[in-house]
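Written below as structure tokens is the structure these notes are about.
Letters A, B, C and D mark the chains in the order given here, with residues in each chain numbered from 1 onward.
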Amino acid sequence: MTSKTSKSTTLNRRSLIAGGAALAAAPFSFHTARAQEATIKIGFPVPLTGPYGAEAQDQVRAAEVAIAEFNAGGGLGGRKAELLVRDDKLNPGEAATRALELIENDKANFIVGSLSAAVQLAINNVTKQRGVIFNSISQSDAINEVADFSKYTFHEALTPHMTAGAVGRYAFSKFGKKVAFLTADYAYGHEMVRGFQEAGKGMGVEVLGDIRHPIGATDFSTLLPRLQSMKPDILVINNFGRDQQIALKQATDFGLKKTTKIVVPIMLFTGRQAAGLAAFDGVIGGTSYYWGVEDQLPSAKSFNDQFRKMHGGRVPSDYGAMGYAGVRTVLQAVKNAGTAETDKVITALEALKYDYYKGPQYFRKCDHQSVQSVMIIECKTKDMRNEADVFQVVASEAPNEANLRSCEALGHKA
Amino acid sequence: MMTQAASQDQSVIMRTEGVGKTFGRFVALKDITAEFRHGAITSIIGPNGAGKSTYFNLLSGAFAPSTGKVLFEGRDVTGLAQHKFAHLGIAKSFQITNVFPLLTTHENIRVSLQALVSRFDIFRPRTRLHELDDEAEALLERVGLAGHRHRLAGSLAHGEQRALEVGMALASHPRLLLLDEPTAGMSPEETRTMMDLIVRLAQERTVILVEHKMKLVMGISDRLLVLHHGELLAEGTPDDIRRNDTVKRVYLGQREH
Amino acid sequence: MAGLTLDLIGMQLFAGVALGAVYVLLAIGLSLIFGMLTVVNFAHGAFYMLGAYVGLWLMAHGGNFWLCLVLVPLVVGGIGLAVERVLIRPLYGRGIDYPLLLTFGLSYIIVELVRITFGKAGFPFDTPEVLQGAVDIGVGYFPLYRLFVIGATAVILFGLWLFLERTSFGLIIRAGARDPLIVRVLGVNVSRVWLIVFGMGTAIAAFAGLLAAPLQGVIPEMGGTILAEAFVVTVVGGMGSLLGAVLAGILVGVVVSMTSLFAPEMAKVAIFALMALVLLIRPQGFFGRAGLMS
Amino acid sequence: MATDLAFEANRQPSPMLEWATRHRVALASLFLLVFPLVMPFKALAVMILIYGLYALGFNLLFGYLGLLSFGHSALFGAGAYLCGIAIVHFGWPWYLAIGLGLVAGMVVALVIGALAIRTRGIYFAMVTMALSQCVYYLFYQAVDLTGGENGLRGVNLKFVNIFGFQVDFLDPLSRYYIICSFVIAALWVLSRILASPFGAVIEAVRENEARARASGYDVMLVRLLTFVLSGAFCGLAGALLALHLSTVPIETMHYETSGLAVMMCLLGGMGTFFGPFIGAAVFLLLENLVSVWTSHWQLFVGLAFMVCVLFFPRGIWGTVMERMKA
């Protein structure tokens, strides 16, 4: 059933987003297929509507690849897996409701998904109360902290600390020590700043200023003259998605790039496509994954090929790929444990050493954070092989627990 | 609520001392000093634009005067909030019919009655206020609407709505009743009924009325005030006014209609 | 506040005015439509977004930016005419809630249709080549395109002024905005006036969307965010007042830019705080009619 | 802003309808008992209860008093946050936390109301929106207490103790009935308010402000008191939301949540007793059903609105009531 593919083109995406054929075929059986007991159900709440709809759709596609692989491999002794896609609308309240639906009504065995810090924390609060494993595929530092963490909480995505740290270490050593920040005024932005500052410790980095803007800003023209007047070597723009695209575009218009290197903690594949080369040109950023590493990494090659095969030749995006890893880790743990029973799957996940698409990874014991590589990328301006060939990987920081916040700092007993 | 200035002439219920009203640069009313006698029917007359309605609004507390003072039973009520006038014993009817159109006539009266006894009672069923029901019934009877108690006020005929409004004004047991052109837009028959009602009501309380049609009020008024261009032109008994040359010139000279 | 120089303040002022220009264009349409039709147009942001997308489509099909400046308002204005004629006209005389709700529903539909047609992800919108780069305005280098936005807004305002002051149709609109009843008394074909006013309002919104596209890129949600701010501008200026919309638009732009200088994270809430302040002191806005819609 | 839906006015309706009106809370309770069984899932049924209650509180101001507020999200959100904060940071028992949420709704209503009631019409809507945005910002910035943009997590309630019985709050059906009992109590209180002398005053002020003033009512005070009462219902709804979701998203306070109340109210029929509930149910159900089926659910929601406005201007319940009367 998971072979059902959402075929989308850039200009026509009127495709059903439901993850399974059952949903598409029977639109009003919203209880979702009352499949036989044996099915392993993975609830997958992602923001299909809202500004990250494109990323969310890609997450669904990638998750479908993981499901298809699992089922093609015979499942768990014949037990197949099923993906229950829900639209969380990027709203934590909606996401919590969807998580409740998935757990209470659909009897989902696991929850994987989310694409915002607030949403994943809301889902996590619901799942941990009910003892359901949740593997988050969206960035946040808070979810690893003791207040929110539970043994049911896993974090497949990078954390702001890891991303910002890797990008910072790379940029500070290359482009200069005078740094200014432009930061979205919410936890994600603050966490990124903290990550950069810790990376800069001992490197002689001088912070000239940190200008905070309200989240969801559409205009940065009133902030840019100030940043310009600070004359930094590096301008770090700590925001996400659309905020980032507009900020980069307008910084380019104001001519900031002439004197300053612009750095972003996360440079989105879809963002680059939406905002165009001009805005992103010359910008250095971090990412969890860029499909172009397939030339060096066999696991990336194999994942990309599966994805291309199932989804009409398109390549996976960074956030999309985490949908794959998020679902596949859980299913692999199920296989290893030989059961879908929660406690045994947790043990299996904790023991898992995997390389599914971006090199070796494993979950750290104390906070279930996936220790993994961080890639540093920059825009390609020439020699592009195709429309999707927009970045080149200029460096890659190998997985290293030392680059994570320490278990003690997170409040866990060592 | 009681009169405090014993030195005041007990026969005067309301008094304005040099009141005036300006709207922006427009002077609607200037420097009017006048007295209204207890138990009398006093009519305020004058041609269109004379400032009658402005004066009425100052008396009824709809807005505060720009200059001067308004005294009710010797007490200075200048600038007091409109709703407090009802509690002092001053009630009014509007020039343009003003009822609660989507409430029944009975509800209209009862809400008005309730203002004096139970304004912020949010939990007891209102149907338990039996005494109000009975009183509302009596008032409907009084203004001749007993047969219409379940009709929506908005669906009443014009004359009936005006009568209802007088009923609502009476609900606060006013000692002073202010009526702004109570017969405006009425048929001759409705007008006659209304005039009879006013005379009957005046037996128990003071009435001040604003009227454009002078003939109508000559017969029933004890005293008259004549306004012209925002100023007090004359005051006196109907006979005084009839004989007053200035009044004749500016007012009677006009064609009445 | 190190580095706070006069030059910087000057730059901020310019940035504020440029920001305000887009608000002004949106608020004028809102105000015009509200003043004449007493319709609180919640689809205004959707028309703004539509302007950017129509421009995008035209550019992709061989048009250039200058042609778009003419064609986009015509196309979207035409859609506005149809919307007024078919959807809004049946609602006149039913109070302000119904058109408000209808246009709210309509905005959902327009945004979703755009998502279906163009996709959920946004598109870049290149600044026209001759307007790229920054110029020295005496206090620093300012993006040329933003100066163009100020200029284009001024041209639209001037054109609108000429239209309102010098044409008999403009006279009707001015009278109508002051008192909708007058138009009827004058014996004018009211429904035709309203139709054209709505079309004009949406055309100006679309023009604003097109102007904003090179500043921000284009996404289906772009109208939603700015609508709330445009409402603030309209209300601060006084609903139904064109002069109010212009002054309030620039004021809001400058308030945002000045807040950005001292407490940038408060730039957004500053807009609302400003509105609350203005309305508490002057409940009908700068130039609004008192007691309107109550 | 005239509404022509004054069903509370006794104008000799049919005995059947009168009986139903008198016992409307009892009838509604019966319906709510079986309601979760016909819903796609229990959590949705709870959301309908909570948003229904929120819209109900909003309707007291909008439908009955005739004031359009765009700031109700602040009342709703304050209820949710204060209830959540009491549990997360101060370890209060759940029932006291709910009480605090209710009071918080009233307090925020008092502050916003005191500032805004002097403005009218569309300006009132805008002032309330602006002030609620300021409240939003306050809660957004108080990260230590509210969690800021990440929302407040940890409003965890495992069991509730009711007269010695330990009820599992994580069980979907028990949770529904516990929350339902609060909603029914609120319905009963609202029904009493509407039938009280003050209920008559509210309608009188809506019908004719000048007349009400001349009759001796302090219109400003009536407005303020109604706003505060409305805040109590919305605050309660917010508190229940916090307990149900076990988190409080900052979105609860966003002005779009205010817009939601307006939409639900108009959809169901403003100024009618059950309209807001019906509106909430239809809105959430529609959104839920369609969004499982297609990510373009907003198209259908938009269409539903337009159809409603064009063809059922009195809202769903308003139209039903009208038919029944005719």
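Basically, contacts are C-beta pairs under 8 Å (C-beta built on N, C-alpha and C of every residue); 3 or more make two chains touch, one makes a residue touch a chain.
Predicted model, so just to flag it, every value in this text is computed and none were measured.
Peer 1: Greatest Cα-centroid separation from subunit A: which chain?
Peer 2: Centre of mass proxy via C-alpha means gives B as farthest from subunit A.
Peer 1: Can you work out the whole-Å distance between the CA centroids of subunit A and subunit B?
Peer 2: From the centre of subunit A to the centre of subunit B is 74 Å.
Peer 1: Roughly how many whole angstrom separate the Cα centroids of subunit B and subunit D?
Peer 2: Once rounded, the distance between the two centres reads 42 Å.
Peer 1: Report, in whole Å, the distance between the mean C-alpha point of subunit B and the mean C-alpha point of subunit C.
Peer 2: 49
Peer 1: Just curious, how far off is subunit C from subunit A if you go by their C-alpha centres, in Å?
Peer 2: The mean C-alpha positions of subunit A and subunit C differ by 36 Å.
Peer 1: Which subunit B residues reach two or more other chains?
Peer 2: Correct list: empty.
Peer 1: Note the residues in subunit D that touch 2 or more other chains, in rising order.
Peer 2: Only 2, 296, 298 qualify.
Peer 1: Residues touching two or more other chains, restricted to subunit A: which are they?
Peer 2: Subunit A, residues with two or more chain partners: 14, 49, 53, 57.
Peer 1: Could you please write down every pair of chains that are in touch?
Peer 2: A-C, A-D, B-D, C-D
Peer 1: Which residues of subunit B touch subunit D once you look at their complex with the stated criterion?
Peer 2: Checking each residue of subunit B against subunit D gives 60, 62, 81-87, 91-92, 94, 98-104, 106-107, 110-112, 114-116, 118-127, 129, 150-152, 165, 168-169, 171-172.
Peer 1: Could you please specify the touching residues of subunit A with respect to subunit C in the complex?
Peer 2: 8, 10-14, 49-51, 53-54, 57, 185, 211-214, 216-219, 221-226, 228-230, 242, 245-246, 249-250, 253-255, 270, 273-279
Peer 1: What residues of subunit D sit close enough to touch subunit A in their complex?
Peer 2: So the residues of subunit D touching subunit A come out as 40-44, 47, 143, 147-151, 153-156, 158, 170, 172, 241, 245-247, 249-252, 288-289, 291-298.
Peer 1: Enumerate the contact residues on subunit C facing subunit D in the complex.
Peer 2: Per the touch definition, subunit C meets subunit D at residues 40, 87, 90-91, 94-98, 101-102, 104-109, 111-113, 115-116, 228, 231-232, 235, 239, 266, 268-269, 272-273, 275-276, 279-280, 283-285, 288, 291-294.
Peer 1: Which residues, counting only subunit D, touch subunit B once they are in their complex?
Peer 2: Within the complex, subunit D touches subunit B at residues 2-4, 6, 9-12, 192-193, 195-201, 203-204, 207-208, 210-219, 221-222, 225, 229.
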